[in-house]
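The letters A, B, C, D, E and F name the chains in turn, as written, and every chain counts its residues from 1.
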Amino acid sequence: MATVPLLLDAEAAPAARAVFDDIRAKRDSDQVNNFWRALAADPALMSATWDRLQAVMAPGALDPLTKELIYIAVSVTNGCGYCIHSHTAAARAKGMTPAQHGELMAVIAMAAQTNALATALQVETDARFRA
Amino acid sequence: MATVPLLLDAEAAPAARAVFDDIRAKRDSDQVNNFWRALAADPALMSATWDRLQAVMAPGALDPLTKELIYIAVSVTNGCGYCIHSHTAAARAKGMTPAQHGELMAVIAMAAQTNALATALQVETDARFRA
Amino acid sequence: MATVPLLLDAEAAPAARAVFDDIRAKRDSDQVNNFWRALAADPALMSATWDRLQAVMAPGALDPLTKELIYIAVSVTNGCGYCIHSHTAAARAKGMTPAQHGELMAVIAMAAQTNALATALQVETDARFRA
Amino acid sequence: MATVPLLLDAEAAPAARAVFDDIRAKRDSDQVNNFWRALAADPALMSATWDRLQAVMAPGALDPLTKELIYIAVSVTNGCGYCIHSHTAAARAKGMTPAQHGELMAVIAMAAQTNALATALQVETDARFRA
Amino acid sequence: MATVPLLLDAEAAPAARAVFDDIRAKRDSDQVNNFWRALAADPALMSATWDRLQAVMAPGALDPLTKELIYIAVSVTNGCGYCIHSHTAAARAKGMTPAQHGELMAVIAMAAQTNALATALQVETDARFRA
Amino acid sequence: MATVPLLLDAEAAPAARAVFDDIRAKRDSDQVNNFWRALAADPALMSATWDRLQAVMAPGALDPLTKELIYIAVSVTNGCGYCIHSHTAAARAKGMTPAQHGELMAVIAMAAQTNALATALQVETDARFRA
């Protein structure tokens, strides 16, 4: 159970309900995820998060699927179960294939491993990386 | 300073020297990074890490630059300074533009933020993500 | 399920039962939380933890509610679900309002975000911070 | 060294220079910290971060010093050296006393410790915390 | 629920089924854990992980129980519930006593605590540690 | 530089100086590490940490070297550079061989890797681990 109530539309303040509506319109879906229902108790935080998320995840120099893969990598490393589930679903909706998912897993595991080794050995950064 | 000596070629065992040579050949460079010199005290660990790294980072369902971006995302979240420097340099060598780097930063920061919120609120995973 | 049994009073050694009794007395409640029942298999660890917790969380230069907010911030960043639930409940019992909870969430999310950026960019510490 | 250049005013795009000027005005100081100079290569990210930071850290239901203490707690747990230095300096500028700093350290250390224990023992959340 | 199906033997590709068989033979058990069933969708990743795990956890300069204790320490610090459960069970199967488990808990908690303090205070490494 | 002064003996309060003296006596060395000099500004925190550290690291059901290996594993995973240096030095002083250090590295890297995979795949804990 969440530490806050997951607000239904009828329970939310008008400012939060406006974000619910915008989410539905932008995502072309009736469903509003629990994350937003948990944030709805604080419409200012909810709205700032939703606005920024859209700006960051929009197509740009990186395509939306690549952005989802990066999002999953961060979420795994932070151990956020909710985020792993929601962004894995989002990546699949944006076309991630099983083979791509497998390689994502392999890169995340490889990085976790060499991160641990470089940290354990306290390796000094090579001068050439700083050029 | 590292917790182990960074072995020069002349100081390394033959098995480690063979990995040094393979790194030079595969990367077409005379330089061997400190990470490998730190690992060289344990040729078995060094060799297993080098072999696996090549397999994981080879072109496949994901292209090499995308793999570097994922690697950076994990390294940032784990706070591995060495890894951030080395893989940012590698991503640039593989063509990462400043605009792509900027969007990578923005996605990592966004994910860190919503990871924290979903965890802080202990949001329950939506049933739809599990389907 | 925990990796150890959650000991009932009747199952606990006298030294652990004494801590149960002290918890009940100090907290003026019949309830002993699962955390303490899990620790009860090792009365020395349990007792050292309980003694130190009381000393640290007592009113001092920081008030007890501020201490709970700090405790939540650490627990969120470490991803400890149990701790987030227990200290959010404790903060509410000590008077945390919904508005304060919302601002706590916003500060935690902001810090997570700029932590990620400063780490990703490997920003050097300004000399002025060291003065 | 940072992974990006720390831009001087003369090197920054107009949109970034405008943020530099706003930071100087709001903080009533000539100095612009390295964090902002590192972000200046991406004025959109820089500006979004600066705008949000001001909104989050403004006085509200929590006072500015309490917000800095929470910021430090997150930064310590994430291991962000830059952030620990900058927000410890900020907390002192907002009146944090040595005694308050000492208690902050003690609470962070206590939370780190019980987080580890609750996680290691995989303690189930008590039903009462969910009410 | 996992983000991927947990493959039954009949659903797995021949290369994954071969790993299932090897696990059963090496562990002298009919049971194949969920971790391997989740990895089975990607036989190359599964097989590389299984091969490396056996090499790393084999008796050597450190005995197998000590290796499990180290594995638990990492898993707790990373907050991986699955890993904590599986390696605590493995440590018990290899002879870990309740007293050893209690001391493991105490060392992990102590390290978490002094890690937080050393990081929070940004203590400089003593020259003598580098010798 | 640390966020607090590293107190010399002459600068420390009597209660902190008494801990300095006890450290010198117990460790049979004139040297007091920076960690304790940083903590000396808060003698109560310093003393509680020192007392507890001695109790936890004393020989018991686990030998002192095994405890140091566990300490290193936690410190690496938390990314605490100071702690990695100090406990690697301590482990060597207690007899850790290069081969043991190599296997410690390999186990830490393996655990980091499978932690990431189990978390990324959100694998459900097997019922048998709970028995």
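Here, contacts are C-beta pairs under 8 Å (C-beta built on N, C-alpha and C of every residue); 3 or more make two chains touch, one makes a residue touch a chain.
This structure is a prediction, so every number in the text was calculated from the model and none was measured.
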* Using the contact definition stated above, find the chains touching both subunit A and subunit E. => B, C, D, F
* Structure fact -> Note: of the two pairs C-D and C-F, more contacts are counted for C-D
* Same-residue or different-residue interface between subunit B and subunit F, half as cut-off -> different
* Asked: Through what angle, between 0 and 180°, must subunit D be rotated so its C-alpha atoms fit those of subunit F, rounded to a multiple of 5?
  -> 120
* Given the pairs B-E, A-E or B-C, which one repeats the contacts seen at A-F for over half of the pairs? -> B-C
* Asked: So which chain is farthest from subunit A, going by the mean of the CA atoms in each chain?
  -> F
* Mind checking the centre-to-centre distance between subunit A and subunit D? Centres are C-alpha means, answer in whole Å. => 21
* Structure fact -> Rounded to the nearest Å, the gap separating the Cα centres of subunit A and subunit C is 26
* Intercentroid distance (Cα basis), subunit E paired with subunit D, Å -> 34
* Structure fact -> Listed in rising order, subunit C residues that touch 2 or more other chains are 1, 3-4, 45, 49, 52, 74, 76-81, 84-85, 88, 102, 104-106, 108-117, 119-122, 130
* Asked: How about subunit A: which of its residues touch subunit C in the complex?
  -> 3-4, 41-42, 44-45, 49, 74, 78-80
* subunit E partner contacts - residues on subunit D that touch it in the complex -> 72, 76-77, 79, 81, 84-85, 104-105, 108-117, 119-122
* subunit A-touching residues of subunit D, taken from the complex the two chains share -> 1, 48, 52, 55, 130
* For subunit B, which residues count as touching subunit D in their complex? -> 79, 84-85, 88, 98, 101-102, 105-106, 109, 116
* Sites on subunit D touched by subunit C in the complex -> 1-4, 6, 31, 33-35, 38-39, 49, 52-53, 56-57, 60-62, 66-67, 69-71, 73-78, 80-83, 85-89, 97, 99-100, 102-104, 106-126, 128-130
